[in-house]
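By written order: A, B, C, D, E and F. Residues from 1 in each chain.
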Amino acid sequence: MNAILRPSGRTPAQMREVRIERGYTRHAEGSVLVSFGGTRVLCTASVENRVPGFLRGKGEGWVTAEYGMLPRATHSRSDREAARGKQGGRTLEIQRLIGRALRACIDRGALGERTITLDCDVLQADGGTRTAAITGAYVALVDAVRWLRARKEINKDPIFGAVAAVSVGVYRGVPVLDLDYAEDSDCDTDMNVVMNDGGGFIELQGTAEGHAFRRDELDALLALAEQGIGELLAAQRAALENT
Amino acid sequence: MNAILRPSGRTPAQMREVRIERGYTRHAEGSVLVSFGGTRVLCTASVENRVPGFLRGKGEGWVTAEYGMLPRATHSRSDREAARGKQGGRTLEIQRLIGRALRACIDRGALGERTITLDCDVLQADGGTRTAAITGAYVALVDAVRWLRARKEINKDPIFGAVAAVSVGVYRGVPVLDLDYAEDSDCDTDMNVVMNDGGGFIELQGTAEGHAFRRDELDALLALAEQGIGELLAAQRAALENT
Amino acid sequence: MNAILRPSGRTPAQMREVRIERGYTRHAEGSVLVSFGGTRVLCTASVENRVPGFLRGKGEGWVTAEYGMLPRATHSRSDREAARGKQGGRTLEIQRLIGRALRACIDRGALGERTITLDCDVLQADGGTRTAAITGAYVALVDAVRWLRARKEINKDPIFGAVAAVSVGVYRGVPVLDLDYAEDSDCDTDMNVVMNDGGGFIELQGTAEGHAFRRDELDALLALAEQGIGELLAAQRAALENT
Amino acid sequence: MNAILRPSGRTPAQMREVRIERGYTRHAEGSVLVSFGGTRVLCTASVENRVPGFLRGKGEGWVTAEYGMLPRATHSRSDREAARGKQGGRTLEIQRLIGRALRACIDRGALGERTITLDCDVLQADGGTRTAAITGAYVALVDAVRWLRARKEINKDPIFGAVAAVSVGVYRGVPVLDLDYAEDSDCDTDMNVVMNDGGGFIELQGTAEGHAFRRDELDALLALAEQGIGELLAAQRAALENT
Amino acid sequence: MNAILRPSGRTPAQMREVRIERGYTRHAEGSVLVSFGGTRVLCTASVENRVPGFLRGKGEGWVTAEYGMLPRATHSRSDREAARGKQGGRTLEIQRLIGRALRACIDRGALGERTITLDCDVLQADGGTRTAAITGAYVALVDAVRWLRARKEINKDPIFGAVAAVSVGVYRGVPVLDLDYAEDSDCDTDMNVVMNDGGGFIELQGTAEGHAFRRDELDALLALAEQGIGELLAAQRAALENT
Amino acid sequence: MNAILRPSGRTPAQMREVRIERGYTRHAEGSVLVSFGGTRVLCTASVENRVPGFLRGKGEGWVTAEYGMLPRATHSRSDREAARGKQGGRTLEIQRLIGRALRACIDRGALGERTITLDCDVLQADGGTRTAAITGAYVALVDAVRWLRARKEINKDPIFGAVAAVSVGVYRGVPVLDLDYAEDSDCDTDMNVVMNDGGGFIELQGTAEGHAFRRDELDALLALAEQGIGELLAAQRAALENT
């Protein structure tokens, strides 16, 4: 019965197919194409030997993110932000979230005075672009750190733990995992959850789109998120196994 | 013992003094100065007889918000956004949050084709400016609606329920309510919670600043938030009683 | 007869009630809420230990001003300049005027290599915001300098004399002092006068809105301005007396 | 003795050579190259059959101005405003002044629903660019109106009176007329005066650069300005005589 | 001997491997990933039922292009244009070129009042991104027109002929075809050639980077370009054969 | 017969009258007013003792250009780029072309660590503004270098050869030289050619506006361009003869 609830035919606790493809482009120190079903995000990690002004001379590094959406990643074409002359509020909000999420698993002292920038560009959007971006950017970050270690630029691994993200929501009264676009644009509650591999919460952003959500709905959503993130962490580990 | 935990001397579950002063300025249809201790935000509600393009001709109204911080509302002067030529990511994020929160208590059909803009300008900042802004903007919104009803422009009250917001966080290992600046800049977890007077969640935004937070910490934070919001809803009701 | 000329019932040579409230906000080195009747401007003075590039290494300080108007300080809401992405011509003109006026009473060598920025933000507008801003900003500047002297950062008072400003105009054929909004939007001539306590002119900006003004009208306006500025200088002195 | 006061060798009451060359460029409805000594400004008047939004449907016209300075009009190259992405405060201030000055001699009802834009571009600067611009723009405006009347688009002359502008200042203690750059950058007081041919003041902008100026200095400056403007009005009439 | 001239080992008249992959993303009416060796550009064609203002009501359509480069498409990361707040001169120049090139093969009357926007986003850059973009965008344009015809929105094919582009240059004294990055950054002359399948030139842009080029060099370059474009037109035809 | 082909009455191979007036304005190190018939461009060369960041400390100089069009240089007024807040794509494209063209005749090592900026501002436009700008800017550049040499700041002439530019096009089926506006807006092919006095090509930019152009048309256009540039180089030499 639930099987017919979701437009995609998925069961409530079923994620879309997740694919993580390393080395997707050639120049970046880390380059990952991550797919959550029809959502495809190219995440590159770029290493630079400088830090923002507020960190200069402190012996610490920085991890930051930028997010973009190709104009026709979506159903109808949206304006190119570079042509409009500014990044929109949604873009800024998402890239700030990605940056915070990844800084939560990095020892900035061990990284040294360098910046790793994670560019997350959405080639195709079908809901959940920010959670896919975080999940893929983590893998790109690991690759960039491996590149630094292979060149002996740093000798201690600055990454502790792993980070992944998933969305959950109440769709037609039922808590479901990993919303796609059809669900996202028609749900009552939408929550993005970022967790680490120790089971701790890094970020929680829930919004009531329709009616306010109750505490028991919140509990059900958190349980689904925890399950989904477990699967994502496994997918990351599998992708990172082959060197 | 807890009494000496917080820099302000407050107990963990103690809010700062909340003041809500209606009619603070003269021209706006609603004008409220809200204070959470040393945080003071001027919230005005402006009614205009037009709606954004995407709503034109649909018979529905719109509620939106803009947020600003006077350059010297803070400890050290920050650049004026108008002079820099753009609103920062933090500003956009906050004003989007305020707008979503207040749209959650309005029947846009009953409002009719008009826009109510909530301008939330921080005169003095000491942590929690966004939660104070939401709490005060709700009162300004009610005043603007009363103004419309007094002029018989609308004959059904478009506001259902009340909305308030508070921050909670884990400070030196202890969950505390209504973080001030000293706590905010030094806490492990920071969460902003928006709720309505039916006990439902409208928005939940939690961020681990230091270590990731556990599920039991989340539960404790939500309980504190629920208590604080109860007090804020009471303060709103008291302020709105005198016509 | 004249008593009924002005919408406010004031006589031609009568100023609005002037209030100067020091210490209005907490963080700034000087913070003054100045009111000319219904016009209320928050003036803060911020001290920073750096100077603009063109003064670096010259041993001189700088005093500058920024001006803003909250979107709903006025009868109908105006766009937020930060959201529009630039300051308008009127704003730039006013803040340049405020800066010039206050630099006219400061010995920049005695100030040393530091900048004092005067932020003048209009909370409520009813005509004469720029003259109120100059008058209030002077008091905030004095407070900032007292703060520097109390901390022994400078040992010679860099402020010489006092500066105040008032508007005068020809309203329905009669020269009047301190125009409010009703008069300002319907007058023939509008002049802003900045003077010091030695009776010297610092700035004079007169504009014929309706017909060109004659020399005898100019003389009458200057006499009114001189009187009004005398009252403002007294109000500044009174406000500054209590430490 | 005075003869050696001014760097140019002029006497205090002596203007620079004024030239007004009509028809300087080909496409504009009015096109005037005006020179005040080494200051050369190209003023074009462009007629368009539309008015700004706030005037639409009111049967009135509009006169407005834009001002620019070629990057190397000055001693050292200044940044191109188009490249910097915004017009500076000085530019906006000047173009607002030019627009106000010329609107003071036009009957906007008689002009009908059209806009005349006066573009004042400084080819070479040597002090007094704004006063030269106003003086030259008046001639371009008359030519544009003549063009409209020759085509029978309007049948009543919308221009009443004439408008010209000059600067005066206190240079080394002596009031002088028509400041050039050497004087302007080293004077105590600088005043721009706009008058009409009826002897009325349209705009008066005086600034104390060094010490505040006294009432008797003001009187001397106004007398000089009146004389200079008389000469400019005569030069305009002479230029406009040949059709 | 020539075989060792080019860093890639190619002979002077040898193009890189060209791949044209249709249907690369899901939402656009045409979506092509084109590769010229290591240069990979995603070209999408978006159909919208509106035209720019200057064409409204004329019964004609419009074809336009936008170009972007992902920040880490290149060897070192370049700033994101959306974050910098404007598109650079190179970007504008390239997107104007792509638009002109494709308008040269479209009958805008037969297209009707709709716009087709070609977004060309470089995922990986290795020289020749603009020529790859034109070559790929042509295929995306054909797919968008096929989509329109399949839906019977237009009944006459608006595309006449085919368009492709290639770069040629003088590298170490030898004219070579299809420059890659290593050659492009070190060549004397660089020319981009756009031709149609009738052998006509649509655009020719040659630049002497080192010494000026002679007429005989130009002739040799044009011959190489003609050959390369023949191969590209064949690759386009092959890609378009399978429906 | 051809005599009546061109709107101006010129024969196909006939250039407009070319005038080159040195010392047009006073402050710039080089200042040239160049006219190609009704097209008039003011080209100034400004010397500054600094180089862009990417050249600092390399002992090399830089030559760059900026291009602008006065708002009413054209038949109908166009928006001022400074007011719109950005330079358009056409402007950026042209100024990049001018800069490249002039860098092709300068030995940047011999110039030393200084920048020469060529500002090309169109006072009146009638087609061919970019080619007039390049031709005039060369003369301004020579004057700036002579100024440097007269002051003994450099002792070797950094300029080798001369550079000039002309447009050619196919107008009503006939190849013609030096297009004016009437021809430019109605031609099939438009090509801008930059050459040096050794007969080498520096830049070639041909665009098919109507039908694609054939190889024999290209050959005819190049021959016309070569002739025209010969005349321009002679005009430059003549202008530079008188010191």
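Keep in mind that, in the parts below, a contact is a pair of C-beta atoms (placed from the backbone, for glycine too) under 8 Å apart; a residue touches a chain by one contact, two chains touch by 3 or more.
Remember, predicted model here, so these are calculated numbers, not experimental data.
S.K.: Return the chains common to the contact lists of chain B and chain F.
M.R.: none
S.K.: Minimal path length between chain D and chain E through chains that touch?
M.R.: Between chain D and chain E, the shortest chain-hopping route counts 2.
S.K.: If you line up contacts by residue number, which pair in A-E, C-D or E-F shares over half of them with B-C? Let me know.
M.R.: A-E
S.K.: Would you mind working out whether chain A and chain E touch using mostly the same residue numbers, over half shared, or mostly different ones?
M.R.: Over half shared, hence same.
S.K.: Hey, how far is the Cα centre of chain C from the one of chain E, in Å?
M.R.: Result: the chain centres lie 59 Å from each other.
S.K.: Can you give the whole-Å distance between the Cα centres of chain A and chain B?
M.R.: 28
S.K.: Need the CA-centroid distance for the pair chain D / chain F, whole Å please.
M.R.: It comes to 33 Å between the two C-alpha centres.
S.K.: Could you tell me which residues belong to chain B and also touch two or more other chains?
M.R.: 85-86
S.K.: Going by the defined touches, start at chain E, step to chain F, and keep going round the ring. Which chains appear, in sequence?
M.R.: E, F, D, C, B, A
S.K.: Quick check on the complex: what are the chain B residues that touch chain C?
M.R.: Its residues touching chain C are 25-28, 31, 38, 40, 42, 44, 46, 48, 66, 68, 70-77, 80-83, 85-87, 91, 117, 119, 121, 123-126.
S.K.: What residues of chain D sit close enough to touch chain C in their complex?
M.R.: So the residues of chain D touching chain C come out as 86, 88-90, 92-93, 95-96, 100, 104, 191, 195-196, 198-208, 211-215, 218, 222.
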